[in-house]
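Here the chain labels run A, B and C in written order, and each chain numbers its own residues starting at 1.
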């Protein structure tokens, strides 16, 4: 069960540059392609003729053509034409609201007419010349909510990423969590500590000393349905930490778009946005490579965790204070799922009329 | 559910040259081997002793020997001997009618005593010195009926095989379909067109010009249970097309023996029979290689179509006029399946006697 | 269903030398590790915090640490500590009795308090300077009972291992089987035969002629729950066979510890113990290599047998006199399984009181 009335990142623009892309999102098989004027469209990935995946086809004159027998599928899910056939009676495919923005293709898996542009997240760093973004995509075989838990509780850095961003002081600094509507914030501040290797490198890259005491922060933001953005950084100790002047700190935003595929798999669009040296492409590439290595350390853990949970269906998991971010995020997800449920009459119960007793 | 009372191609002779072959056909696990006098036999691939596959064994003195503990299985499914054991009480294996003919091993998955030699197809090109045949085998993970549909509707050539045998004019020439007993014929004729690359090559190979107008034909024959033979060819335009003199045309028969394995997989014996340059082995090899490449283009499409259909169990597929060949072929299959059903009393219903009312 | 109240070989010491090992045994996911003083411990491989496999973690100061968020798991299954958390209310993991002996790590999958040291097998060859042992481990996808059948009926050597230890005379010498408590013995003696290649090599290695008549023996011992030890050897003919003087024979013990994983897979610890040239490490390595090759010939047969049996659920297997060893071993297993069943009141039946009739 997935929140359907929300925007999810479906793919990066380069994934649909030359040909259609088939991707399952929130249980829906969808084909994404660029049609007329390079606009992106998304329809059910199923040819109404013989069930072939439309994503095996191609785009011709801005129209999606099935690669099996040439059916031309319209961007609204109605068959446009097919060689030698009258197509007016063909059953319609589901079409999906889709939009290209902030360097991503976004899809709304629910009803197209309900798609709400105002529900798109606001990303201050996107389309902003003072910022730069680099990232990648992992296909991960676990429930997307395990990834949310992972990102909303960064104590795992100490163990999973011990040689780059982990350090004991993370465990020692209790986080605080607050909820604002569909937004969860989990914050942790560490003062007068030494930077772990990744941040030492970042300090040097910004011409700051890497062997002095620093203040470090992690501010994890969950936004429904499933995006986590984490403000991370270090500042020379005693200069205000998170609020320190640009010249005294290095900071960036870890950007995570988490798109469910099935109940036990998801697409993980990870990346980093930074507002220093935004034009330095070499730095962007080097950060992407380093981040890719660090984030791939989570893969095995999350997939094995998923298997272990499936193998132990009767064991309940603990929700400790460090898990508050994940717990609150899941509460929002559950509330939104509940709100999407159709109202159905209670079954198996005789309708009661006042003053009438059923004997 | 499969038609059991029919001949299917089980394997090529070279597959059982040196050792037994285990193959599942119409849901039956069968071991094929050459016994006395090189005759081919087929029995259930299950050792009555401990259930080992007999196909892991070997043939000794014309008898099939289990490779686990040496049980000797007779060609009629009765255990012949076993070291140190009296075998008269051993349970029998099912034995299958099997015959070597036309360069193939054929099996009858139904009861052996019902096997009818007259039901073998007639292949004018086989064992005929004026003809030559070359082919191959693919193991395909889709319902064999999807392959029949594929071959009985050649409009897919325009899309799946666009660089070899496909051309727009196929779509434009409506096919006609007729049924004669258990035989379906779908025909398409194209006149005054230019040959696509594969046929240009064939014209040159027959010392005919490749850049002039031609007439092209496709005559697809479905024969129950699941064989499709397609007469294909091109003739210089205006010389009678299909009926043109040998010197004005190039033609051949695409030979497809489609043997079900499970409900969602089959063995696909493809090939080509030709009546020009029959002694030219180099040409046979070169045609086989080209055909193998072209036919492998169907594999991904068919397997992905199968998955897509399984993922969308509630979607009905369309049956257009171009699908008439497949539709009629499936009707014959359904009729033959129905005919094989044992007659059973209607369950869940009280037997009705005339003049007796149940109150 | 597995016998839980018994010792099984879990792993070799080298498998837990540097880091914890996760292994499923008798359906239980278990992590094995060396704690304080290098002692081996075993607990459920499931972190009570978020369900991560503890086997992805590490050992620090003799304690097992979860690699996800640093929970410290005690050797008794109670959480010892977790950074920033009070752990007294954490649910307990199952802990398993485990012991290191005879060069192996042994586990008792049943309740720890029931673990009985006296139930460990006695291995005369282990920890004995006059003997030497070498072996390996296979992960095999079949019911462990098929492996017991395999080892308790060595007629398969003639077919599966025809080029090394197999010979026709095995089939011709009927075995005798006797049962002593939870111990089954199947014996076979062959007199005045020639040695097959493996034993020729062994004779030469012991400076005995390899081309003269010999006596050969196989004495298979099954010990509950699932260990098979086979006394094998050859002696120069007429010197007493099994009882011949050391100088006239070559003999060894084939050691098989068979540890169930799931109903259709197991861990197979195979090896050979010998009491000649015990200090010759080169010989140990060469025997291990040869035995590994021979025993790997069983793998394909057993896994294909398992598949074939699953595919033919209605076929019963035969139990011939050669199978007596396996049959008797399975009877013991069934009896021990029955004995482990909890006594439950018969369900679906009204409790009857004398003199009271329920109307």
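In this text, a contact is a pair of C-beta atoms (placed from the backbone, for glycine too) under 8 Å apart; a residue touches a chain by one contact, two chains touch by 3 or more.
Chain labels with UniProt names: A, B, C = Vanillate O-demethylase monooxygenase subunit.
Predicted model only: the values in this text are computed from it and were never measured.
**Student:** Call it same or different for subunit B and subunit C: same when shared residue numbers make up over half of all numbers used at their interface.
**Tutor:** different
**Student:** Give the rotation angle, in degrees and rounded to the nearest 5, that superposes the C-alpha atoms of subunit A onto those of its identical copy subunit B.
**Tutor:** Subunit A sits rotated relative to subunit B by 120 degrees.
**Student:** Roughly how far is subunit B from subunit C, going centre to centre by Cα mean, in whole Å?
**Tutor:** 47
**Student:** Which residue numbers or ranges of subunit C touch two or more of the other chains?
**Tutor:** None at all.
**Student:** Along subunit A, where are the residues that touch subunit B in the complex?
**Tutor:** For this pair, the touching residues of subunit A are 29, 45-46, 48-53, 56-57, 65-70, 82-85, 90-91.
**Student:** Which bits of subunit C are touching subunit B when the two form their complex?
**Tutor:** Within the complex, subunit C touches subunit B at residues 149, 153, 155-156, 158-160, 171-172, 174, 300-301, 304-305, 308-309, 311-312, 315-318, 320-323.
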